[in-house]
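What follows is one structure encoded as structure tokens, with my remarks underneath.
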Amino acid sequence: MYDFVRGPLFWASAIICIAGLIYRSVKLLRLTQKKEIVLCPVTISPKDKPAPAISAEERKLDRIARFQNSVIGQHPVMVAVSTVFHVCLFASPLLLLAHNVMLSSAIGIRLPAIPDGLADLMTIFVLAGAFFFLIRRIAVPKVAAISSAYDYGVLFLTLMPFLTGFLAYHQLFHYKSVLTLHILTGDILLIALPFTKIGHMVFFFFSRLHIAGEYCLGRGSRTWNT
Amino acid sequence: MVIAEIKPLEEIKELVKGYKKILNTGCGGCTSVCLAGGQKEVDTLNTKLTLSFQADHVPFEIDGFTVERQCEVQFITEFDRLVKSRKYDAILSMACGAGVQFLAERYPETPVFPAVNSTFVGVNKDIGWYEERCKCCGDCVLGFTGGICPVSMCAKGLFNGPCGGPQGESCEVSKDIPCAWVAIYKRLKGQNRLESIRTIHAPRQWRDQIQGRIILEPYKARYVKSE
Amino acid sequence: MTECAKAKVDSDTIVEILDQKKGRMRACLDACAACSLCAESCLLYREKNNDPQYMPSYKVINTLGRLYRKRGRVSREELEQMQQLLWSNCVLCGRCYCPFGIDIPNMIAFARSILRSQGIYGVFPHTSGSPEAECKEIDATGN
Amino acid sequence: MKSGSKLEQILTGKNFAVTGELGPPRGADVNVIKEKAKHLRGMVDSVNVTDNQTAMVRMASWAGSVLAIQEGLEPNYQMVCRDRNRIAMQSDILGAYALGIRNIICLSGDHPMFGDHPKSKRVFDIDSIQLIGTVRQMRDEGKFLSGEAIAVKPEMFIGAALNPFAEPFEFRALRMAKKIEAGADFFQTQCIYNMERFREFMKQANDMGLTEKAYLLAGVTPMKSLGMAKHMKKNVPGIDVPDAIIKRLEGVDKKQQANEGIQIACEQIEEFKTMKGVSGVHLMCIEWEHRVPEIAERAKLLPRPQV
């Protein structure tokens, strides 16, 4: 079992994951098209006085007001927790020394590794974040109103490899079983990544950066086909 | 929809100067859609005003509340409870001129100030780009002008254009504005309907000279005073 | 509209319309993490005392989301519940915020068009919903 | 006779008419008009008195017209639609007639944006074609636009403007037809430099029979200098200056440019005299009134017929 989840299943799920993410990205690209940004003069009349320059003070006020009323200003805890959660979610498995040693021996490439202590801390952050999300789902009415079993399932799916990884690292319970479970749940997460709502990772970068709209963070150079 | 533009902060400050407790009202209709007076703009403006008066060491308190539309009684009554309980010195409205006046009419004892300039009836060309298309003149001529409005698109509002001024296909006032009548001519020619501008269109009976009022036919019995 | 026609739901037409924008709408629905950060951007959510039924994601998940999930096989009653969410609970001001950039207003508009295909129209306080009903009401006032 | 004005008599008498231009001053100084009139008297049959040209505030055109009469000139009272509504316009027409004005030219007017009050509210209650129709209705039917009767009808000879060089070219003759249908008796064209296009336009107008229904005076503005030619080509709306004119001015010494400009104008006038459908010329010598006698002389337009 251990060898299977570590060997063939891992490679299969890794390939499925990467292929799935590429598939999602291509699909989004094909669902959208390049948007031609038409340039137009700001003032129509040559005799229109140019708008009075906005003072540095007002610009500053504007920045503060925008910030305070943005999602960061309005939900600082939520934004902070999810940022840390997402960073750790990616960084800890990718940069974990043990993972990289295995990767290196298998295909000869490796990413820079971080100290185990830091990875452990990151894992704790992920678990804490997941716990925060769970409590939020249960206790905050607006979140509870839109939470389905699927949402809990995905949260569980995301959490499991980290929980088992944490247990394995600290050698709690039966090491080999926990490790097998860790790899198995990791493989399942990899497979699930492109095909569940975790795929929002692709959508986020695509939509917020490229699709024109009020909240677009990039140039907004694309638009949906219809 | 009605396109509006938020007034400069200094002007709004000047309007509400001296009033200590203010309600800023947003509109979920047109001004929301054109990013001028929706809930987000209410929040942002309130923050700016608060910080700005704070810096001036002027006591100032402002609440924000946004309703569906300020041009309908059933929605502006939403403000009643707030206005009654909080006893505001003044009200700011981020709706178009119609909404501002409707609020002022509902709360005649409270000064109501506009926070946006209603500019025109237009279209959403692209995100953050609006263009005028209608002057609400009350007597639509689009039928004979190929769907291009000479009242709002021609700088002179001519009914028997084009004048002698077009520079190429641009209006005489700016090369950045297409001549409406050149466009009308081209469209009608393409539709084989040039006849409709070969005839003289008589001076029109302007309907936008006094306050407009429309009562739909089925409702006439309900509202119209019998002579 | 007769009672008989009213009781029927034409699922084939719903599916046909759903398929027209399937790629885009599914991508958007799938991307929703149900995080609820869209809530406060809705003026109605705040106006109605933070009632979750006014939250943009709630409105989409329970209308368009449900239509896709059930592949158009919904009952008349369900459509009427959606009518509430899509018209009474949304003014389509187009200002919903989504951290993932999901275009919620577009999805609401699309869901509205699906309901219209089933003869379900906007609900206005002074009418019972459909233009036919409005006509009837006007007739009833003696015009 | 519709109004019996000198211009009308000359045109109906099949004489080649010459009109000039007299812009009222940006001030109340009568001497400016007297000075300009001195050069124009006897050289032209009537003068256009412009109505706040290029949307710059100037002395009222009816007042300028009356001053022109006092100086022995017949005015073509210009009226634009930009600044007055139909009430003011009809009232001014009555006033102008009462003061002895017999020719009126109905124009849209330059947009306020070009003038010294770019943000003033534009009126354009009625447009130029509707104004032509209004004057015709007042004269022929003795009725105001409202349909109510006028006690003494203002009998005006009605003029209109014509720009054969503006887009859409194919529509320009049709627009002339519309103005004739509305009641235009004579036309003055925009300054002509592109003779080829003008010939083309005249052919169209002749073929449509328009020149039999109204008189057409060809607009001529002699170039004062190469700079003026370049400026007009680049900046003045609705004016078509072909490169050939620029080249010809470039070809002569700077001091000779004015002379060359007048030469070009004279050649044009010679052609207009024989061109089918052209009944005269409209000389627009903007702020160059003192050269009008010379131009009239060299173009063999003198002496003017007495009526």
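For clarity, chains are labelled A, B, C and D in written order, and residue numbers in each chain start from 1.
Operating definition for what follows: contacts are C-beta pairs under 8 Å (C-beta built on N, C-alpha and C of every residue); 3 or more make two chains touch, one makes a residue touch a chain.
Everything quoted here is computed from the prediction, not taken from an experiment.
Farthest from subunit A, judged by the mean position of CA atoms in each chain, is D. More C-beta pairs in contact connect the chains of B-D than those of the other pair, out of A-B and B-D.
Subunit D has its Cα centroid 41 Å from the Cα centroid of subunit B.
Note: centroid distance subunit B to subunit C, computed from Cα atoms, is 28 Å. Chain contacts: subunit B has residues 35, 40, 173 touching two or more partner chains. In subunit A, the residues touching two or more other chains are 45-46, 213-214, 216. Residue positions of subunit D touching 2 or more other chains: 113. Across the interface of their complex, subunit B is touched by residues 41-44, 46-47, 91, 93-95, 125, 138, 141-143 of subunit C. Contact residues on subunit D toward subunit B in their complex (touch as defined above): 81-82, 86, 108-111, 113-114, 122, 124-130, 133-134, 145, 161-163, 166-168, 171, 174-175, 177-178, 181-182, 190, 237-238.
The residues of subunit B lying in touch with subunit A in their complex are 8-10, 35, 40, 43-45, 47-48, 51-52, 125-129, 173-174, 176-177. Only residues 37-38, 40-41, 44-46, 52, 58, 61-62, 64-66, 68-69, 212-214, 216, 220 of subunit A touch subunit B when the two sit together in their complex. In the complex of the two chains, the subunit B residues touching subunit C come out as 26, 28-29, 32-33, 35, 38-40, 65-69, 74, 78, 217-222.
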